[in-house]
Every structure is written in C-alpha cells, then in structure tokens.
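One structure follows; several queries about it will come next.
All chains are identified by letter, namely A, B, C, D, E and F, in their written order; residue positions are counted from 1 within each chain.
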Amino acid sequence: MPDLGKYAVEVLSAYAVSLSLLALLIGTTLHRSRSVRRALKQVEARRDDQKPAADKATKDA
Amino acid sequence: MSIWEYANPARFMRFSRTVLPWVSAAAALLILVGLIWGFFFTPDDFRQGSTVKIIYLHVPSATMAINIWVMMLVTSMIWVVRRHHVSVLAAKAAAPIGATMTLIALATGAIWGQPMWGTYWEWDPRLTAFLILFLFYLGYMALWAAIEDPDVAADLTSILCLVGSVFAVISRYAINFWNQGLHQGASLSLDQEENVSDVFWQPLVLSLVGFGFLFLTLVLLRTRTEIRARRLAALKQRERVS
Amino acid sequence: MEISVTDLSCARGGLPVLSGVSFQLQAGQALVLRGPNGIGKTTLLRTIAGLQPATAGQVQMPEDCVAYAGHADGLKAGLSVEQNLRFWASVYGQREISAAVGAFALTPLLDRLAHDLSAGQKRRLGLARLLVTGRPLWIFDEPTVSLDAENTRLFAEMVDRHLQGGGMALMATHIDMGLSQARVLDLTLFKADLTALAQDSFLDEGV
Amino acid sequence: MEISVTDLSCARGGLPVLSGVSFQLQAGQALVLRGPNGIGKTTLLRTIAGLQPATAGQVQMPEDCVAYAGHADGLKAGLSVEQNLRFWASVYGQREISAAVGAFALTPLLDRLAHDLSAGQKRRLGLARLLVTGRPLWIFDEPTVSLDAENTRLFAEMVDRHLQGGGMALMATHIDMGLSQARVLDLTLFKADLTALAQDSFLDEGV
Amino acid sequence: MWALLIRDLTLAVRAGGGFGLSLAFFLIVVVLVPFGVGPQSDVLARIAPGILWVGALLACLLSLDRVFHLDFEDGSLDLLATSPLPLEGVVVIKALAHWLTTGLPLALIAPALAVLLNLPGPGYLWLFVSLALGTPALSMIGAFGAGLTVGLKRGGLLLSLLVLPLYVPTLIFGAEIVRRAVDAQAIGTPLAMLAGLTLAAWACLPFATAAAIRINLR
Amino acid sequence: MWALLIRDLTLAVRAGGGFGLSLAFFLIVVVLVPFGVGPQSDVLARIAPGILWVGALLACLLSLDRVFHLDFEDGSLDLLATSPLPLEGVVVIKALAHWLTTGLPLALIAPALAVLLNLPGPGYLWLFVSLALGTPALSMIGAFGAGLTVGLKRGGLLLSLLVLPLYVPTLIFGAEIVRRAVDAQAIGTPLAMLAGLTLAAWACLPFATAAAIRINLR
C-alpha cells in the first residue's frame, strides 16, 4: 500500500466509487446477457419441439 | 467482402463471439496493469500530492464519455442511411456505458475537486459540459425506454442523437462563453508545456487504452444481448399469435 | 381515375396482419371491407391512406386523392361546428361548407361547440368533414358508429352522391348500410400466415 | 329487487333534455332505450347511474346496484387485459375473472396491453368488465359499437345469462341486437318541451 | 383500495409515466438555475435552499394532472365513482400514490443535487427532513387542485394557477427550515408548522376533493 | 396554413388553453422564488436576470405538450398528415402559434415582473429584447421535442427531459445579455449568438420535427 498522505480518503474513495460503478455496469451487462440468452434458449427449444410435431401433422394429413 | 456484411445479425454474432475473448482479455490486462502501476508505483505530484492518482480513472473515463457519444452518433447515422439493425442496436447498447463513464468522470472529478479547489462542485465549463452530456445520455436512454416499437424507437433516437450532438457542440461554446474555468487544459497533446511528466504518462496511456478495450468488450456484449432480445421478442410474439 | 392495390401486406406492432390484398377501384365505385374484429381493417385502411408503410406490395393512386376518416373524428372540442368545418375546408383550399352542412342537417347545430354534441352528432360532423375536402377517394373506418337509422340513411345518400359524381369510397364496417353499388371484400381470406412469413430479419437464423 | 324511475327529467349543459320518463324494471328484465341522435339517451343513463343529478322526478333502487358502461371503456392502455380485469374485480371485491374472460373469448389476449387491442377487442374487454362487478343492474350506452356479428351475439348471450340469473339491464342502442326478452322504450315521446318548462329561476321574473 | 394503489404505482413506474421523470425535471431545474444566474458559488450557496424547494415544488406540480385526469379521460373515474369504494378513499389513495412516486423520491435525491448548488454543510440533513415532511402536503393540495379541474379540457395550466398560491405556506416553512439550519438558527417553529400543515391537509382536503370530483362528473 | 394558425390561436385563447395561463405560471414562479430565497433585495437583484429567464423558459416548456399532443389525440394530426399541407409547414405554423401565445406575451410581461425581483435599471430593455429574440428558439426546439414524443402515452415529462438540455445555449446567451446589460458591459456577442440560434433553429428543426412526426404516426 503506497503512502497516500493527507489525501488518502479522497484517492481511495475515488477508486472505490469508480470501480464499483464499473462493477455495477459489468454486472448488469452480464446479468442481462445471461437472462436474455436463457429466455431465448427456452423459446427456441419450445419451437424446436413444435416444429417436428407440426411437420409430422402435415405429413399425416 | 465489405464491412457491411457484419451488419447482418447472424454474421455479427459469429464475428463478435470470436473476438470477444481477446478483447475482454486485453481490457482486463491493460486496466489492471495501468491502474496497479498508477496506484502503487507512481510518485506523488509535488503540487497535487497523492490525488494525482485519480487521473488514471478520471481521464480515461472522461475521454470515453465523449468518444462513446461520437460512436453513437456515427452508428445512428449508419442506421438512418443504410437501415442496418445491428448498427442502431450498438448505439442503444453503448448509451448506458457512456452514461456510466460520464458518471465516473463526474464523481472522480468531484472528489478531486474537494482537495484542489476546496469544493465538490464548481460550475467550470468542462465540468458543466459533462453534466449536460450526462443529461443527453439520460434523455437518449429514456426515449429508447419509452417507445415500444423497436424500429420507431431506433428512428426517433437517431434523430435525437443527431440534433442533440449539434446542440451539445453549441452548448460547449456557450458554456465557455458563460464561464472561463479552473480546469486543466488538455495535457495529452504533446506540444503543450504543461504536459504531465512521463512517470504519470505511461500508466495513464495504458489505462486509457484499457478503458477503450473495456468499452469494446461491453458494447459487443451488450449488442449481442440486444440482438438476442430482439429475436426473443419476435419469437415470443409469433408464439402468442399462432 | 383509378386506384389499384396490388398484393399489399401490412403489419401492426411489428406483426404481419394481412397479406396479399389486391383490388381495384374505378371512379364511381365503392368497396366495403368486412371481417371479424381484429382482422386488420383499420391497419389496412391506414396503410392505403399512407399513414403507415406497407410491408410489401403497392398502392397506386394519383397524388393527393385521399380523405381519411378514422375511429377518431379530428374535431376540436373548443371550436363550434361551423369553425371546425371551415377550418378543414380551408386546409383543403375550399371555401364552401353549405353542402357539408346540408348533407347531415347540421344547420341547427352550427354555433354549438363540438364539446357539447352528443356522440352521434359528433360523428355526423366528422363525416360531413369529408365533403369539404374535395378529394375523390373517401376512406372510412366504421363510419356509422353511433348513428341512428335516419342518419345512417343520410350517410348512404351522401356516399351515393359522391360516387355518382365520379368519386370513390373505401370503408370498413360491421353493419349493412344499404349502399347499392358497393362491392364487398372479405378480409378473412387475406389473413397473414404468420408461420410462412419471415418478416423480421431477426427471425431468420439462430443467433 | 326492483328499479323504478318515476317522472324523471334530466338536463345537459343547463338545458332540459328529457322529461317525464317513467318505467319499472324487475329482476330478469331488460329495457332498451331508443331514439334518434341527440335525444338524450346518454344523459338519461348517466342520471340513472347517479353520475348527474335529476332535475325532477325520482330513481328508486337499492344501494350499490349499478354497473355502468359508457361510451368510454375505462381501460388503462398501459396495463394488460388481465391486469385491467383484475383491477376492476378487486375494486368490486371480487376475485374470479374467469367468467369474464370466457364470455368474450379473451383468453388469447390476456397478456396483451390494452393499447395494442383493435377497436372491437377493446370494446369486448370493456363489456367483460361488467361480469366482474357482481352488480345486478347493468347500464350500457351503445354497447355494440365496433363489435362484429359474432361478438354481438356473444354480448346478447352474456346479457341473457345475466337476466336469467335475476339481473337487470338497461341500454341505449341504435341497432337491433336480438335480445329476446327486452322491452323497448322510445324516448322521442319524452322530449322536453323547452317552452313549457320554466326551469331556471332567472326566467321566472323580470329583474 | 389496495388494488387501486398497486395499479397507480404500476402505471406510474411502467410506461415511463411519472416516476424517474419528475426526478429528472427536478434535476434539470437545479441545473438550469446556475446557467441563468451565473456560476459564482457564493451566490448559488445563498439561494440554494430556496431554489431546491421551488424546484421540488415545480416537479411535484408538473405531475399533478396525472392524478385524476387520465382516469377521467378514459372513463375510469366514472366507473370508480359508481363503484363500492368511497370517493374520499379514492382521493387519499391517489394522493398517496402521487407522493410515493414523486415527493418521496424528490426528498431522497435532493441532498445529492444540493451539491450542485453548493449548499452549505448543515443544510443537507434538514433539506431532506423538510422535504420528506412537506411533500405529502404538496401531493394532497395538488390532488385537491386536480380534483377541481378534472373535467376541464386542458386543465393542466389552470391547475398550476390554482395550486401555486396554495403551495405558498408549505414553501415558506420548508425553505425557512433549511435556511435556518444553514445559519445554525432554531428551526423548531417552522418544523412544527410544516408538520401541522401536512396533517391538516390530509385530514380535511380529501372531503373537499371528493366533493369537487362529484361535481365535475355531472 | 393561415387557417391552421388562426385555429391554433383561437383554441389557445379560448378554453383557458395556453394563453393567459403560461403567463400566470411565469408570474407565480417569479413570485415563489422570493418566498423560497428570502426577501433580501440585493440577492434578488443579483439573481433577477437568471430567474426571469429560467421562469420564462419553464413557462414555455409547460405548454409544449399542447403543440402536437392534442391534435394527435383527437385524430387531427392523422388528418393533417393526409392533407395537402406539407408537414414541415404544419410544424412551422404550430411553433409560430406556440410562440405567439407563449413567448411573445412572456417577453412583453417580463419587464413588469422584473420589478418584483428588483432588477436594476438598465436591465429592463434588454430583458425584453433578449426574450423577444430568444423565445422563438425555445418554441421551435420545444416543437421538436413535442414531435419526438407525440405518440407516447404521457410523453409530457419525457418531453421536458429531452428538451431542457437543448435549451441550455439559449438560456445562457439570453441571461448573459441581461446580466451584461445590468453591469454595463458589451452585449454584442451574446446578442448575435442568440439571434443566430433562433435563425438556425427555425431553418433546420422543422425538417427534423416533421420526420419525427411521420415516424410517430406509423
């Protein structure tokens, strides 16, 4: 730890604020990315289930 | 092959998937090295004491804040002219990053201001211009959020981005006219005398480039998410009807 | 004068609603669009009026020939009946409003604020507005809503006169209003097939 | 349960519109008000619903028995169909909305925002709302506006069921909707005679 | 009642309705004043309590026409008036929803914005307290004004005109608390007055407002 | 075009619409500020130019959602878009009507209200001139914001958020003119800038606004 002298509070709080804002940004980005990907996978899986079924139905008819 | 091919969503997804690991690794490496070097291994400034260490966050975030708006302007115009969805979604994805960068620049600046100028906030032109920039980011994001139809939202936010940019420039001039401030001049321009010395300069450049890569990482990631969200919405809508 | 709609597709809320609609309309003809609630009548009429872009197909018509009357009447509650009519007349460069006043027996209401009209009286005023546009193609979205039998008859007469004068009319309605020369187009046939249509580039491929 | 209206007069914009309206409605009965545009149907219905005071005469009915459905549907564009229904249900202290959803085949629309409904779909939702009120007397002002034939039939069925369950209905409409048990009251007979009525105390004497 | 509160909050938060945006307006008033007045921080510090209170008041005012007007337009108010809920209760709920989406967030964010105006140190706490105590009165008085003007086409600005004079006492006591706190004077009296105002407004105005609405629906 | 202007003016004057009331709002802002800030006349004189300009700007802002929203709601905007008038022309006329009913009266009344804030002598003339020159820009920029938000349910407050940063340059130059006039400094530059801003806004923004409206009507 370097000696920050009388400005320790300022320097440290600047780093703390900035890094936590960055962490928040990265966190929300990753979170949303993950949840959207999951939701999309679900919907696509549902569609893939239906599609063969629908194909079969048309073939049978 | 033209660059426009990447405007196809599927191609963009493939491309971004290959580059993302590299870009994010570069971002992590550069920022870590830059910040650690800057924080632990640089001397104190003779005038500013240890507060000079704030520069490694302040200047990169401030620089990115402006450049991200420029990037949004460019991609919005590409949408207006060529109607490439990926382009405007990249602008949408970049806005929150830009807003966060602006906020970091404002916060670090404010914290820096207390020891240097004796006040957290001063209506100095550059600080003021940043505040306005922040408002532009907020307005841009609010407009995206308020409109349901994605293409309508894309068109309107693009118009806002264009007009807003013009006004941002005028505001900058007006603010300078209104108050001549306390803030440092540009010190990265090499021909200036008040250049920060090399000790500070080298980690600063690392951190600057690192922030650039961080932005790249995030904007690619977020654009991917936006594209997926569009597809998700389209599929869901179709599911509901059929 | 002729209007031709070829293979028109239209969408609402990003979703295709109707596809492959084609018809032609010559001077003096009227076409009534029919179909259950939600089939896309309003969407189609707005597309033809040029208020929203078609997703495919074409609408061919001379410039400046449409007068549109939608679900909302475009009346200012704070202006009198006469002021409302005069305003729309001068927007379309006309001066005379007596024909419009006569067609729906609006004379006793001329000085009344639009705010103080009953639902049916408002609608009469909204329909009379078309007479001051001087436009050949009238597009109506459920014109007879709130009208009583007498006024529905007046409306049919007004449209008939317009057709005889070489005009055209296109309307969506659920009830029969006794227009003698009108053809009917059932929109149920043109319902967009959502599974066949890959409208959105985001639907094409997995991402 | 019985509702009786005796010698009722009502006014709009300070001017008497109808006078001397009397009728009675027993459980299981419906009454359709008819009359040309502007005769005062809306005014009368609002008076009976208690939204405006009568200028003379009386309305006798048990407390809290009216559910009113006017020209406007009282829907929130920003809420989904289900949220809209649930809200009104809980205002009236009910929990169940399935009957309302079923009556107008709203199931496929449940998650749709009210803003994204077509005119007829909105109206269906607005009418379904009455089923979650649990009130015996339903008052409608032109309920079938924008509805297609199929939905008009569904509406008639819904009212019929309500009547069979001992409810009552009072409605103003211009078209025939095939309600079997409904009596009809022509309001033309009750048009207020403006010259005979010295309504306003300022008219009585010179000042 | 509960359902009504939930609905109003949902509507405000969703659709970019009121939430967030009245905060944004407050922010922007605070930002604009220095552009008009000039950047000298001593002047700004001097006028900070007043400007912050006036800004919060205006932000509150702007969202008032939301209170009843939307429900009137789409017919919900007719239906609520014929529903089993007492109209007084509806008024209270609507004013509460307005406060929760406007006054409370304003009070929470005001100290942060006070930095921009160089508010002197002791002011921050009392700025928050005075706003938290005073904004409920603003919401209730505003709901009264909204009830008075609900039938009118474009009542929006008329509403402002009616309500602003009613806001004067709240403003005076509220800003006075902050100014005295900054000058390290006693703040007991204005604080008591402000609390009294809020209580009185919530005790009496619902009845007047409900009466006004009934008349307007006629 | 002419008919549209007449109609808009009639509507504004009648029905307690915009006229009168935005004046009243201006009046009340100017009245409220001393209640908030305290009665010391030197402080008031110092902040008078800024407060007057900010007040005028807010009064202008509040009436913006009238510009297109009413016509959108009752279907007139659909009809105007299919009418022979070019939409750009409609935009210009609407902005003009807004200025005639808001900006111009504000400029005329501002010197009278300035008395309440103890504006020093030389300021009066230039307060009027700067407002007369600057409010047209406010109306046009506001019309742009109104066009952007016209389709949106409750675009009102979003409108403020979008428009206020765009108002900053106008406000700065306008208030600066008055402040310099009070201090007997040269006012050439800000005056030229303000005039330039107004001209540029009226030359360019109608196109952007018409485009935004077309998109919103879809």
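The working rule: a contact is a pair of C-beta atoms (placed from the backbone, for glycine too) under 8 Å apart; a residue touches a chain by one contact, two chains touch by 3 or more.
Note that this is a predicted model, so its numbers are computed, not measured.
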item: Fewest touching-chain hops separating subunit A from subunit F; value: 2
item: Copy pair subunit E, subunit F: interface residue numbering same or different (half cut); value: same
item: Leader among chain pairs (count of C-beta contacts); value: E-F
item: Distance from the mean Cα position of subunit E to that of subunit B, given in whole angstrom; value: 35
item: Distance between the centres, which are taken as Cα means, of subunit F and subunit E, whole angstrom; value: 24
item: Whole-Å separation of chain centres (CA-atom averages), subunit A against subunit B; value: 19
item: Length of the line joining the C-alpha centres of subunit A and subunit D, rounded to whole Å; value: 51
item: Per-residue overlap in subunit E, given as positions that touch at least 2 other chains; value: 15-17, 21, 24, 28, 31, 34-35, 38, 153
item: Of all residues in subunit B, the ones touching two or more other chains; value: 132, 135, 138, 142, 146, 149, 178, 224, 228, 231, 235
item: Contacts with 2+ other chains: residues of subunit A; value: 40, 44
item: In the complex with subunit C, residue positions of subunit B that touch it; value: 8-10, 13, 85, 148-151, 224, 227-228, 230-231, 234-235, 237-238, 241-242
item: Subunit C partner contacts - residues on subunit D that touch it in the complex; value: 12-13, 35-38, 40, 42, 71, 116-121, 124, 142, 145-152, 174-175
item: Subunit E partner contacts - residues on subunit B that touch it in the complex; value: 110, 119-124, 128, 131-132, 135, 138, 142, 145-146, 178-179
item: Interface residues, subunit E side, partner subunit B - complex; value: 15-16, 20-21, 24, 27-28, 31, 34-35, 38-39, 41, 44, 115-116, 118
item: Subunit B to subunit A touching residues, read off their complex; value: 39-41, 44, 49-51, 53-54, 57-58, 61, 96-97, 100, 103-104, 107-108, 111-112, 114-115, 214, 218, 221-222, 224-225, 228-229, 231-232, 235-236, 239
